[in-house]
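Scrolling down, you'll hit the structures one after another.
The same chain A turns up in both complexes below, where it pairs with chain B and then with chain C.
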Partner chain A sequence: MEEAREEFVEYYAKNMGGVLGWFKARVYTIERWLYGAHRITGILIVLFMLPHFYSTGWHPGLWGDFILGIIVTFHIANGIRLILAELGFAVGKPLLVKKPSQRPVSLEGSQRYLVALALLLFIVLAVIWAYYALIVQAAT
Partner chain B sequence: MSTEVKEYALPPEVLEETVKASEELWKPIKKVKFRIYKYNPKRDYAPHWEEYELEVSKGMTILDALLEIKGEKDHTLGMRYSCRMGLCGSCAMMINGKQMLACQTRVIEAAGDGDVIELRPLENFPVTRDLATDFSAFFEKHKTVKPWIIRDEEELDNPTGPYKQTIEEYARYYQFTDCIKCGACLSACPTAATDYEYLGPQALAQAYRYLVDSRDDGLDERIAVVDVAHGCWRCHFAGSCSDVCPRGVDPAQGIQLLKGLIIRRKFGFRPHKPTEALPAKIAKKKEQ
Partner chain C sequence: MRESTVMFLHYITAILIAVTGLIHLLANNEPTIGPLIKENPVIYLGNMAIFLAALLYHAFNGVRVILIELVPDPCWTKWISWAVVIIGIVTYVVGLQVLLVALGLV
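And then the complex of A and B:
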């Protein structure tokens, strides 16, 4: 009983967000949603690759293929955005003058165009993939 | 010389207006319910929530409300504050689920259309008691990035001239100097939610602030601290740190620029512009 109590207290006293903390995006900006989505898609691709490596002939099925397409195309499109942003492109320059309640340049400056472009690229790639997965594949 | 003292008085109509505006600001206009996280790790098994109702006015901040609750309703309430004006960085907490300074947030604005305000201690920080959290690890992380100008001892003891900076050199780091170490950014960071040892946005942004300072000589020393497993590569640009920063520091930008700098250095490019303005470094160059 005493041990259980200690574990309990440790959990609450540490006050860490935990894995659920990755996805607490509601009150933050779109970049936080993309962070959660990028992580989930990355992990799902790894999970898909396990049976795929075991037997390369394995296939997730017609709709499985479609869903895999959404996951992979999102990861690629957003991954390109992340590579650029994390090399310091499009995050803007540090400010010399701030407004009284300055909003961050890295989020609300040109990086937002990068977000829009990444989402656009995602939709284009996903539609192309879906076309092949659902129509071309199904016909053969 | 005349000893007459001139009296300054506001014109009556201005005075009246000022008094009216002040009355307007402090007149109770709404009842708001405060749901506050109560937890004492030394005594309690688990946290619980306590509710208090207050009459609030337009000018009242969350900190004002907390002090009123502490003074009149619950003397055991634990919290941290000091300056009451957004400068000391003591009072950051989760206000309706988002990290904000209690002294800089008005109750009316935080409540919006609703009439409930939920207050929790900063997430990702160990709870000391109720709304007060333990910052020792956070300050330790700040210290590891060596947040001071690193120079040759010889040069420090016998300076050969002033440390001049151009406005461009100043602009490279000024934005990051506004940090008040309030911890809001580390608390909002999703990476810190599962990695207690992650240096965090505050420390990494400060590392960048000193790295690009033209007076600083500690590039190699400091990069050895941030270019590690729990360092800058753990940041995946969720941007929540910049979103919540009450001082417009934009730590996410600093970290991305830091990563760019480290990569450029790894590929043998100049990490950032050399510093022509400094006497000691010029002297060193001429010797070579």
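And then the complex of A and C:
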């Protein structure tokens, strides 16, 4: 038993999925896609930061600001969900998953509502950002 | 530092970024509130100092997490972590310097 566990850990520690593995959603739960999106948005914000630091007046332009808003607000809304989930909020009791098709309990129940709330928050924040980026900025 | 502590700080800095980042955006884009924040150097500079620190920690730790996951080797992990710490601190010092110069305080 212990030996099998060690072999398992060793196998996965090799991480042979690489970058493409981020999007190899073997079990197509929405959380699995959110993970890929969270990682990509995180990297994109870092890439935005670099020229913004180098020349602090630099902006990605009117529509660039809008796209940046979508990226940032998604990362924030999903990030809040991740913080809550990782601190143990709204996570169901663990249960032995017997079949690959069986969804883990931790993704059911209140966790579903947390996903819905995060996506809702994303839309609200994105609309507010877009209002400032496209309408207020264009007027000044 | 224990990896769980590092990740806990990752979440703390995320919340700090949300608050200080909002102030940063308001200062530069909101026509009425913006000038009020900008005319007070203590608030503006204090906010930027916290924002920059939280942002750099979160961003560099995020990149570190991705890298050590892609190269799961204890030796590489150690060097990646140290490189990230050093580049992060240097960037913070340079960033503060740029900020002080921009505000005409140095």
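Here is the rule we use: the second predicted complex is superposed on the first by the 113 of 140 C-alpha atoms of A that agree within 3 Å, B and C clash if a C-alpha of one lies under 4 Å from a C-alpha of the other, contacts with A are read in each partner's own complex, and residues count from 1 in each chain.
To be clear about the criterion, contacts are C-beta pairs under 8 Å (C-beta built on N, C-alpha and C of every residue); 3 or more make two chains touch, one makes a residue touch a chain.
Here the structure is a predicted model, which means the values were calculated and not measured.
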Which superposed partner A:Tyr132 touches (first chain B, second chain C, both, neither): second
Partner chain in contact with A:Leu87 - chain B first, chain C second, else both or neither: both
First (chain B), second (chain C), both or neither touched by A:Val46: second
Contacts of A:Pro104 with chain B and chain C, given as first, second, both or neither: first
Which superposed partner A:Val19 touches (first chain B, second chain C, both, neither): both
Greater chain A contact set [chain C / chain B]: B
Chain B and chain C contact sites that coincide on chain A, given as residue numbers: 13-15, 18-19, 39, 86-87
Chain A residues touching chain B - in the complex, by the definition given at the top: 5, 8-9, 12-24, 26-29, 31-32, 34-36, 38-39, 82, 85-89, 91-96, 98-99, 101-107
Parts of chain C lying in touch with chain A, wherever the complex brings them together: 7, 11, 14-15, 18, 25, 29-31, 55, 59, 62-63, 66, 69-70, 72, 91, 95, 98, 102
In the complex, chain B residues that touch chain A: 39, 41, 44-47, 96-98, 121-127, 133, 167, 170-176, 178, 188, 190, 192-194, 196, 235-240, 242-245, 248, 250, 252-254, 256-257, 259-261, 263
Of chain A, residues touching chain C in the complex: 13-15, 18-19, 39, 42-43, 45-46, 49, 53, 56, 76, 79, 83, 86-87, 132, 136-137, 140
